[in-house]
Amino acid sequence: MINKTVNNVTEALEGIHDGMTFMLGGFGLSGIPENCIQELVKRNVKDVTCISNNAGVDDFGLGLLLKKKQIKKMISSYVGENAEFERQMLSGELEVDLIPQGTLAERCRAAQNGIPAFYTPAGYGTEVAEGKEVRDFDGKPHIMEEAFKADFAFVKAWKGDEAGNLIFKGTARNFNPLMCGAAKVTVVEVEQLVKPGELDPNFIHIPGIFVQRIFQGEKYEKRIEQRTTQS
Amino acid sequence: MLDKNGIAKRIAQEVQDGFYVNLGIGIPTLVANYVRDDIELEFQSENGILGMGPFPREEDVDADLINAGKQTITALPSASFFDSALSFGMIRGQHVDLTILGAMEVAQNGNIANWKIPGKMVKGMGGAMDLVGSAKNIIVAMMHTNKAGDSKLLKTCSLPLTGVECVTKIVTNLAVLDIVDKKFRLLERAPGVSVEAIQQATEGDLIVEGDIPEMKL
Amino acid sequence: MINKTVNNVTEALEGIHDGMTFMLGGFGLSGIPENCIQELVKRNVKDVTCISNNAGVDDFGLGLLLKKKQIKKMISSYVGENAEFERQMLSGELEVDLIPQGTLAERCRAAQNGIPAFYTPAGYGTEVAEGKEVRDFDGKPHIMEEAFKADFAFVKAWKGDEAGNLIFKGTARNFNPLMCGAAKVTVVEVEQLVKPGELDPNFIHIPGIFVQRIFQGEKYEKRIEQRTTQS
Amino acid sequence: MLDKNGIAKRIAQEVQDGFYVNLGIGIPTLVANYVRDDIELEFQSENGILGMGPFPREEDVDADLINAGKQTITALPSASFFDSALSFGMIRGQHVDLTILGAMEVAQNGNIANWKIPGKMVKGMGGAMDLVGSAKNIIVAMMHTNKAGDSKLLKTCSLPLTGVECVTKIVTNLAVLDIVDKKFRLLERAPGVSVEAIQQATEGDLIVEGDIPEMKL
């Protein structure tokens, strides 16, 4: 077995520096790599580009990096939950590349799987298609989208073993599996780090080959954005 | 004239047996409350669940179980979870049968704008461009006019587009309409709303053929 | 719940006819839709195109259809296990399109996911690239490959529930999940058909939305091609 | 001169700690038997397993657990199963560190042919084109000459290609070679084999620089 464990978040983030491009898993605040984000804030790494579906909220998730102005550019699909984000974007302090959510997912998956580019109908005829190749397939226009390139991917899984095999839980799965192996270095934090053999090989969501470093997250707040219950 | 729940109630009649349905944020979410019991359907939420159930009881709230509006939800026994690539594969591959979403503007050629007001509001498109770029069957749920009283059913959209020539039906507080020959066609009036009132609230070309029935709710 | 069950293989294959294009799951003889294949032989449907990684052996799997000359064209990556196949191909009776295995998988996945085309380095500079668009990404040549188009997909899963949710076992998974939803109609045969709720929603390999018909297979031979054991 | 097991034994020395390795059918499969115990590695089989173990005991044979050569196998505790798309994603995405495969012909520019003899033998390329199209590190395991005694290390391939300019190293029954400046470079001789014998068996241009050591097995 090839052992992927590192001792803690400090070791896990070795090699990060200013100006890099990061991928971060999660949808809203669900399934975000909380410990990695805290460490990014602590290290005060600057001028980074973040590929992440959302930008957190003002005081949690990627919002923490935004507040400290560590982010130069965001590549996201939806950023409506974050007032500071909107302010920085409208003032021009922050570069923003908004792209369709399915395209975001597929561009991660393409990077993971060695597919340099693919065609999708999403965004045809909109701002998103500007400057991109348009081609008809079966009489329907599609635009060409390219795989992402990133330096580090920060991923949160539910359980992982020492070989880097991962399992995600519920809708906290989202973009996390697609970012594994989509960057030069994939760092995974898990709620439960287990021994090889404890995960059923038939039900592993992401095999360890896509993971370079794995560690047990110290604590998880798992904040809820919209607590809705039955009346 | 309908309220938001009324719009949702009318749209619920469009859901057919065996449909997989994606509901957008806002009014569309309310549609789930009004679908007939004898219809078999499943709700897909693009963040990664098929077989979405109602909101949880207080004690069942789970941060790892939310919908695309970031609301806590439950999963039905037939549910499944998946990553965002497969989720949008369901959408892009036209496996989802019906998409219901909100809009800021709809044009009479079926164009839709719902994600950006330049220089003002930029929340992003989320999954909307994927949905309207692929879905065969797109119903827009919205108020007929905006807060300033201006029509949202236009000759051409003024805001940045979300998708082109894609909307198939529109249900508003005033009317049900579809799109034929690049014009709006009036199908039903909301209770107590006259054809004239609808015409007045519609900036785009409106086809009115014969007697327009009142919605049955 | 949307119920996808049909009573038997006869109902499951309703609508098939001569000249159609079929996708069939399986690698070698592992994970092949045995009951569907038997029924295709029985119905004697002719002039069909089969998309399948392999072509079975002389007396099992797709070899049974080959023997009866039901197949007009095979789209496969490896057909070395079948003498009758080689005979029909070299004599020109059978059209054959041999394509790289990863490209075969990805073209199924593209059809499933509404991606009309993508780029891959596999096959560049070989016969496989003839007539295809070549484009450089990062200085490396890639060829454009398009999504498959098929009428029926025949898939074998280990367990499935009435909603069409599927679980595969071991390496019998292979192409099966990728063919679900990649054809106009997806027919799935399972070893165990269970009630909704019996499969953990977190460990479903293919959600029911990709499946039109599901039935319990009557019997499974599960033949082994190369029985190798420790000495 | 080496036999097949000798070739496998020599190639096993190329496997480094932490490598994910894909082994082709034939000689490459034998490599697994000779890797040093203190090296951590995992074998990938492109039909959908990572963490492939040895052949099973008779009572553990499982039709649902085979390798790319259709042989029954076992899975290690660290193993995982996956579909063919993700499996070739590992290959295409260069996550697999080392590919070892057989060949009918290798050319001095790194071209390889191993899937077709026109009009005669057409088994198909299986996963070979994906492997050689993407792998960073490709070792060919083969006999130096074919059954007719003709060299398999050529100026240019005569058979239909599997991949272009991709082979990094070749281990045969006679020698270890790599490819430099579009020529074969002799690195090691098999025990008891002379440089002259290797030169004679090599149709392509052969670089021989200084003393060529004998393999240590």
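Each chain carries a letter (A, B, C and D) given by its place in the written order, and its residues are counted from 1.
Definition applied: contacts are C-beta pairs under 8 Å (C-beta built on N, C-alpha and C of every residue); 3 or more make two chains touch, one makes a residue touch a chain.
On a predicted model such as this, the values are computed, not experimentally measured, just so you know.
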Inset, instruction - Work out which chains are contact partners of both chain C and chain D. - result: A
Inset, instruction - With chain centres taken as the means of their Cα atoms, state the distance from chain B to chain D in Å. - result: 56
Legend entry - Rounded Å distance between chain B and chain C, as computed from the means of their C-alpha atoms: 36
Inset, instruction - Please work out the Cα centroid separation of chain A and chain B, and write it as a whole number of Å. - result: 28
Inset, instruction - Could you tell me which residues belong to chain C and also touch two or more other chains? - result: 106, 113-115, 120-121, 168-170, 202
Inset, instruction - Could you list the positions in chain D whose residues touch two or more of the other chains? - result: 75, 81-82, 85, 88, 91-92, 134
Inset, instruction - Let me know each pair of chains that touch one another. - result: A-B, A-C, A-D, B-C, C-D
Legend entry - chain A-touching residues of chain C, taken from the complex the two chains share: 106, 110, 113-121, 135, 137-138, 142, 146, 167-170, 202-203
Legend entry - chain C residues within the chain B interface of the complex: 1-3, 111-115, 161-163, 165, 181, 196-197, 201-202, 204, 207-210
Legend entry - Interfacial residue positions of chain B with respect to chain C in the complex: 18, 20, 40-42, 44, 50-51, 75-82, 85-86, 88-96, 134
Inset, instruction - Would you pull the chain C residues touching chain D in the complex into a rising list? - result: 27-31, 53, 76-81, 86, 89-90, 96, 98-106, 108-109, 120-128, 158, 168-178, 205, 222-230
Legend entry - Contact set on chain D toward chain C in their complex: 45-49, 54-58, 61-67, 69-73, 75, 81-85, 87-88, 91-92, 111, 115-116, 119-130, 133-134, 160-164
